[in-house]
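Next up: the structures, one after another.
Consider the two complexes below, in which chain A is the common component and chain B and chain C are the respective partners.
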Partner chain A sequence: MKGKQYALLGLFLVSTLAAAKTPVVELEIRNHLFHPEEVRIPANTKVKLIVYNRDATPEEFESYELNREKVIMGGRKANIFIGPLKPGVYPFFGEFNPKTAQGRVVAE
Partner chain B sequence: MLINSVILVLREVLEAAIVVSVLLAVSRNLRLSTRWLLASLPVTAIFILLFSSNLDAITDAFDGAGQEVVSAGLQIAVFAGIVGVVFITELQRSGHVGSLRPLPLLMAITVICAMIREGSEILIYITAFAASGENGAAVFAGSAIGGGIGISLGVLMFAALRAVSAELSARLCVFLMALIGAGMVMQSTMLLEQVDWLQPGRELWDSSALISEQSISGQLLYAVFGYEASPGLVQVLLYAISVVLVALAWVLPHHFAGVRDAH
Partner chain C sequence: MHIEYGRFLFILCLLPAAARGDGSSIDKVYHPYVEQLEWELEWRLTHADENPLTGTKGEQKHRFGLGRAVSEFVFIEGYLIAEDSAGENFDLAAYEFDFLWQLSEQGEYSLDYGLLLELEKTHNEDVWEFSTTLLLEREFGRFSGTANLGVEYEWGEGIQDEVETSLALQTRYRYSPRLEPAVELYTGEDTLGVGPVLLGMERLGPMKALRWEAGAIFGLDSDTADYTLRAVLEYEF
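Up next is the complex of A and B:
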């Protein structure tokens, strides 16, 4: 194996390990509300959010603080990677129902 | 529901309206026909229908990263279109006769790419919530008001760009295109980070206390040049590189003209 191939193998292993370690947090949208409303995640760690939309209507997961936006059609799910985040509170909301669909990620 | 609809549709329309108004001003400055815009509208409508009706399949593609990858691709296409428009425009201004021919098609493609995603989001929103009896009228009315304000602001921008001298207008258009294009690239990096295709760098600063992204000024700045209150290292770097690329597309044709004239 040449140096470049070793480097590629190393990169592959690191990325596989990193992927294996990414914590997964699940939340749901029901009746235009997030369940749970508060998601606690470790600070300085990348986390995979899986958002299930249990409503028949679509929703857009949106957060200015997390720099995230994704349309989730009715009855579907969406993967959204967030972080690594400094300790703090990061609100998110459903752009199609911003009055009710509100939640926050707490990194600690 | 009414106010929500106004804000949602305004945000989406404003971004596309600014791209359209600047390209329209460039087109008028060069005394080109603006038929490309009319021709691009039905094509955009078809793509919006295709995109929104297939969003489930698009979202599931690339192991769940499809929605972001397609959106980021469209945003990068807008940026590439803008670089092309600046380059061709400046080529003509520096004396290359007949170089404008590809411009209308390029502008049409750029505008179509800029409108697909925003248009689909509006369509998905309206079709889902206008049907829900009680809120239907509010969603329709709010969307119409939001769309109206967004288009009006675009028209206002076009009028302003046409009201100043030709030289100033040309410079302003390039300046705006650099900001819009770099903003698009920055947004696309965030989408790719969202699906873990791109590793987020550390946050460089947080100006949300100064200008919040939720505020009206924050929203306007976002629409014009992709303002982010807390950008990461990768985003800022790509933003800077994008501005430099537009600047090169602006300067190089004149440089070549200078070299040619010297011979």
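Up next is the complex of A and C:
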């Protein structure tokens, strides 16, 4: 293995280790609803939300309290990094279906 | 957290020393994010009370833009730029094309990164400008700190070729979607100014919103206008 390849391997391992530190929580959008509606995460910790949009139409994960806006195309997924958050409840909603697609992150 | 905040402020404090640009660089602070599927109509205004270098009073620059997110991470926008001043007619001055590239997911790293490429041509003159601006942003609870560090290259028959740099900083408090107070600082070769800005957003429906910004930047040296008013109105759809 050449030096450059060692460097790339090292970089990959470091990035993998760094990524491994971030807890991952998955949720889905189905029929314009978030499943689950309530996501519990540890307070004061950065968390990676993986949001799968199972619908055919796009949806936007939006939360002013979390300071996040992210469009997720139909049948695709998106990574949304949130936190570290103080203990509390942080609502989010789907901008395309705000009356039905609602949820909350509970940091505890 | 406090160490990270201190490091961010330290870096931002160092940046003005490296920032030198030509002409007023007071404009707007860009954020390193793209909202997929978004279209945008924009009107932007700067009004300087008096340009200390030319003595021109009431110098105004209007930008009329149409932009679109062409992918999850790329937003493009075209502008017509018009200028007027006291005693001078409103006239087309330049054309501009912007390419904004979001380089990291928001919140993934200690800083969010983006890159803004701008190409501007002066109307009816062989004067061109290309700029590359690094966009950095970080959250500190309800505060957000943003830095735009730019390098510009000017060339053409009607101008002396030169490289310039500029820096814009913004500290914003996310009080509510409708009202966010901020403080901005702009620096360049002929610019050093700081002042308060208010920002807000009114939601008009799914993927429809009106965003606005209004502020006053006060000159801190003899090359900068005593005050420059700036305003932005964006319709997102």
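Just so we're on the same page, the second predicted complex is superposed on the first by the 90 of 108 C-alpha atoms of A that agree within 3 Å, B and C clash if a C-alpha of one lies under 4 Å from a C-alpha of the other, contacts with A are read in each partner's own complex, and residues count from 1 in each chain.
We take it that a contact is a pair of C-beta atoms (placed from the backbone, for glycine too) under 8 Å apart; a residue touches a chain by one contact, two chains touch by 3 or more.
All values reported here derive from a predicted model rather than from experimental measurement.
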Chain B and chain C placed together on chain A: clash or fit? clash
Between chain B (first) and chain C (second), which does A:42 come into contact with in this model arrangement: first, second, both, or neither?
neither
- Now for A:84: first (chain B), second (chain C), both, or neither, which partner does it touch? both
Larger residue footprint on chain A, choosing between chain B and chain C, goes to B
| request: Figure out whether A:74 sits in contact with chain B (first) or chain C (second), or with both, or with neither. | output: first
After superposition on the shared chain, which partner residues are touched by A:57: those of chain B (first), chain C (second), both, or neither?
-> first
*asked:* For A:96, using the defined touch cut-off, is the partner it touches chain B, chain C, both, or neither? Pick first, second, both or neither.
replied: both
Check: chain A residues flagged as touching chain B and also chain C 46, 58, 60, 64, 67-71, 73, 79-81, 83-84, 86, 95-98
Chain C partner, complex, touching residues on chain A are 46, 58, 60, 64, 67-71, 73, 79-84, 86, 95-98
In their shared complex, chain A is touched by residues of chain C numbered 1, 33, 35-37, 72, 105-108, 139, 141, 144, 174, 176-177, 206-207
In the complex, chain B touches chain A at residues 4, 8, 55-56, 59, 64-65, 67-68, 121, 124-125, 128-129, 132, 190, 193-196, 200, 203, 208, 212-214, 228-230
Note: in the complex, chain A contacts chain B through residues 19, 22, 46, 48, 57-58, 60, 64-65, 67-74, 76, 78-81, 83-84, 86, 95-99
